[in-house]
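Chain IDs A, B, C and D follow the sequence of writing; residue 1 opens each chain.
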Amino acid sequence: MSRQQVHGNPRLRKGLGSRTSDSATVMEDPPSGDWLTLRSDQFLKWVDEAVYNVAEKTGIRDVVNRVTRPIFNWGLRYSPWPLHFGIMCCALEMGAAGGPDHDTERMGVVYRSSPRQCDVLIVNGPVCEKLRPKLKTLYEQMADPKWVIAMGECAIGGGPYWDSYSVVAGADTFIPVDVYIPGCPVRPEALMHGFLTLQKKIREQEPGYFLRR
Amino acid sequence: MAEMWIHMGPQHPMTHGLWNLRIKVDGETITDAEPELGYLHRSVEKIGERRKYFMNTTLTDRLCYASAMTWTHCYCLTAEELMGVEVPPRAKYIRTVVLELQRIASHLMWLASYLPDLGLITGFLYGMRDREMFLNLLEIPSGGRLLYNYVKIGGVKRDLPPGFDAKAERVMQTLERRLKEYEDLYDNSKIFRMRTDDVGCYSASDAINWGITGPNLRSAGVPFDLRQADSYDAYPELDFTPVTTSAGNGRSDCFSRYRQRIDEMYQSMDLVRQALVKMPEGKVMAGSVPVRARGEAFRRTEDSRGEALMYLIGDGTDRPYRWKIRSPMFTTVSAAPHFLKGYKVADVPAIMGSIDMCIGETDK
Amino acid sequence: MTSLYDWSYWFCEAWLVPLLTPLLYFQEHIMPPFSNPAGDLARWMESDPGLNVLAWTIVVNVALMIGFTNVIIVVYLERKIAARIMDRRGPMLSFHSLKEIANDLAGSIPEYGWKTTTYAGIGILQNVADGIKFFCKEMIVPAKADRLLYTIGPVIFISSSILLLVLVPFSPRVAASSAPLGLLVVMAAFSIAPIGVLTTGWACNNKYTLIGGMRSAAQLMAYEIPLLLSMAGVFLVAGSFSPMDIVAQQQEVWLFGIPMWNIIPQFLGFIVFMVCILAEVERIPFDLPEAEAELVEGWTTEIGGLRLGLTFAAEYIRGFVGAMIATVLFLGGWAGPFLPGEIWFLIKVYGILVFFIILRWTVPRIRTDQILLLGWKRLLPLSLVNLAIAILYVEVF
Amino acid sequence: METGQFVQQLAKRDGASDGSVLRANVGRITVTRAASQAFFRVLKEDFGFDHCSLISAVDNQTGFELVYHFSIIDMEGQMLEVHVELPRDTPTIDSITHLWGGADWHEREAYDLMGIYFIGHPDLKRVLLPDGFAGHPLRKDYVYEIHEEEW
């Protein structure tokens, strides 16, 4: 078979999507039926496609998802691990929410410092132009499934710095935000309610995990 | 191992905020360091020129989120100097009380964030627990939990409610009891001393040259406190002398900085008690506060982290023409390469935590 | 004495292989023999190596089950005790939350609201939820990481930790294996893990993980020698490496109605051993490879998802096994009055684990150069002194 | 030394003018750009002003004005406010980093936000804004787009 290397314009490709693998070359789809000539990664992809198609057409995927989805979803929603990342005032309230008076660890909230190990990105302050690329990188480094909480007015729409030359007008201008928590600063109770709202969202909207596309 | 640069930040548990410390390490020894700021630059000075004088207290509250009261107070003091407003004596005393309470809360926040830097996460929870008491106390007159907007140009927003001093006394007695526990837990801990003694040293003369002020300077044995040197509010009428600690030979190390802040908490509690006893009756707000101002004025106050200075220029309109903020941490961070060199990577959180970073005021 | 390994060997020989092989031989007959390896497989399974492998598979799986059950309990204990030390409540997810699974399965999603019962339980389900979440996460390989080593590194760490569970007995009755070299093999398996840490640290192409891996290697040098020397005292007294002999020896000598467990004559060795085993299982104050304050998450910074979950589990397994070895060596193992041996063993092990947990949440972390100093200049001489005491003890009694 | 005394002594020097006392322990003085370097050296070495509190740059529309705040670290807290006028087209002045180490980042900030060039500064680059930022935003003629929503 022919192997064709397609070099995209690197400037255009930069920042597009989640770059978790360094596939500099884009290979064309494997020819159908000719599975003996495939390379190993193409073969895996072909097997993946075949299994998905069979499971989808026979309805196995639906059945398995219907059975396993509640269990996986239960685990996902009761263990939201946020990234330990403080920007401004709300970061202190995030810390206070973990403190003895409010204790978010009752809800399974464990702060981890590495984005690879987190599920929830809490944007708790104004995002400045200098920070924006870094925050986007942090978001992209997190493993799926991941959620974003915009905590406080600054992260929702700039807050008191709405007319500043260096503050981005809200975190949702460059990353998808799932839960908005208003307040300036957000009280710890409101953050806890935000986590409960996130659980609600996960329960209602997260699809099953068997052969997820 | 060859030398390499490590970026600590902007997302790093050491930073306590949003900045980037680039360190050059040889193995685990730091040979060079370069702080990088600006990830939280909100251009407060620029947008402050678009707002009226009394509206800017919203921004000053958010300058340093760990000690909002002191920054708003510094701004109001400057604006009063600019406008020629005389603050009633009761308001001065109330300001002194809330400032010292805020200083305790800020130092507790520092204590809370310093212990995780050394690997003791329990310390964070203890600090937060005690800080919560002071936030609740400050919530009583101001209505805000973290950002108060309580100090206004010409006085304070509301009078202290009756029974405030009894509540404050109870909270302070609790804190005194807890601080004794912490001294047992930290000062007598061999590992704590191993991590903090003779780490991050600088001499008093170096500190003065680099522009380090506040607790970080006093921990080198220099009795310089703006509450007395450039006195304001009710401080001239209170009886106190600056607390100093030293690591010997006029040097400051991480442990002396830790000790300094604990001692300042004791001193602040003493000041709160004095001010509550001496507090006169009367109004808490000046009769008339002008909206427009012309001229220039500056005042400096003793912030929880050092010398806060605000410089205001008015051009006769109701908005400031130029507003300049001196942040104590801005200068201190610039000196970080000097006192980081030669120590280990593991000492970076211990040193940078001990100088009590607050990025909100630094990046402005 | 029959160990779990012996039992499963017998099980494979008598039941599993006789039931499986006819099927494979049948396969061989219906297909052309040159293309069908089924017969070869069957013949291999009947041979001694094949039976060995099958038996070990069963043993490791049982050990894994034991290990993960204990991990759930230990993690639960850790979180709850830490929370109580910190004046908090800790995880409180209750069994009522499982009703939601039943509702979802039935397809009826009721109006979702926070129920007062959801967070009013004992919280042991929190670890289960975390585990399930790890299974759902995406498996990321960072763009510039070394793909092969990145995959292998955690596997080395995890598998060597699980191997440990197989090698230490709970009691003479509940023993997975009875390796002739006993605890020496355990210590050999214990020191495989830093290789995995170093591999992962290098492969992630991240400076924090690299420093974490290097620290792990440096730390290994510092504490491994005193650790083995402090164990040598016990081996010397018992005259054997086998845990059975060591425990039996500790019951031999009684003084004033107290069994002379090794902790009494060799208290120095016990102290050295506890310090070194803390360093070995990488817990505060010696958790330098994953110092959260300066290295973001240490050598695990770049790994996430299932790898991370299993690495967590492996760390707790190592802590558990460390406590098990300490119990066997110094605290008389499964010996004790009235109760069965296994219960006594678990009581002692969990006692040491609770001590580890309380220690973890009450002291700061020490520095790399300080741990090297401690290992080489303090613990090494102390362990040599302990060895001398042990020799004296052998001579006297 | 009394504030009035040293302000008078300083005002007699070349290029210095307008010596006045603002309030207790605080003096104010104006210095020309050419004489500033010698003036600051005398201030540090003879008068003992060992602490550089703040360097503020002010955009006066017609030109720039640098306002230095110096103080003495002792219990009296003497303070001096020094004004230096700079022309609009060449906003340059000699750096004082070799006298006060703490002035380092204040000068960088003045360069970053106001575009004042400090001659002799060891590392004059942007400190708060990203490297590629265009313009100096605290100048009065800096125009930027405000993300204002239409309601």
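Here, a residue touches a chain if its C-beta (ideal position, glycine included) is under 8 Å from a C-beta of that chain, and two chains touch if they have at least 3 such contacts.
The shown structure was predicted, so the numbers you read here are calculated from the model rather than taken from an experiment.
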Chain whose Cα centroid lies at the greatest distance from that of chain B: C
Mean-CA-position distance for chain D and chain A (Å): 47
Averaged-CA centre spacing for the pair chain D and chain B, given as whole angstrom: 24
CA centroid of chain B to CA centroid of chain C, Å: 46
Intercentroid distance (Cα basis), chain C paired with chain A, Å: 32
Residue numbers of chain C (touch at least two other chains): 86-88, 292, 296
Sequence positions of chain B contacting 2 or more other chains: 12-13, 38, 41, 43, 46, 125, 129
Shared-contact residues (touching 2 or more other chains) in chain A: 99-100, 113, 130, 163, 165-166
Which pairs of chains touch, using the document's own definition: A-B, A-C, A-D, B-C, B-D
Chain C contact footprint on chain B (complex, rising order): 1, 4, 6, 8, 12-14, 28, 115-122, 125-126, 129, 185, 189, 191-192, 194-195, 344-349
Interfacial residue positions of chain A with respect to chain D in the complex: 129-130, 158, 162-163, 165-166, 169
Residues of chain A that touch chain C when the two form their complex: 19-22, 66-67, 69-76, 78-79, 81, 99-100, 103, 105-108, 112-114, 116-117, 119, 143-145, 196, 200, 203-204, 209
Complex contacts: residues of chain C adjacent to chain A: 79, 83, 86-93, 97-98, 100-105, 107, 109, 112, 114, 119, 123, 125-126, 128-133, 135-144, 292, 296-297, 300-305, 308
Parts of chain D lying in touch with chain B, wherever the complex brings them together: 25, 50-54, 56, 58-59, 67, 69, 73-77, 79, 81, 100-106, 109, 113, 126-130, 137-138
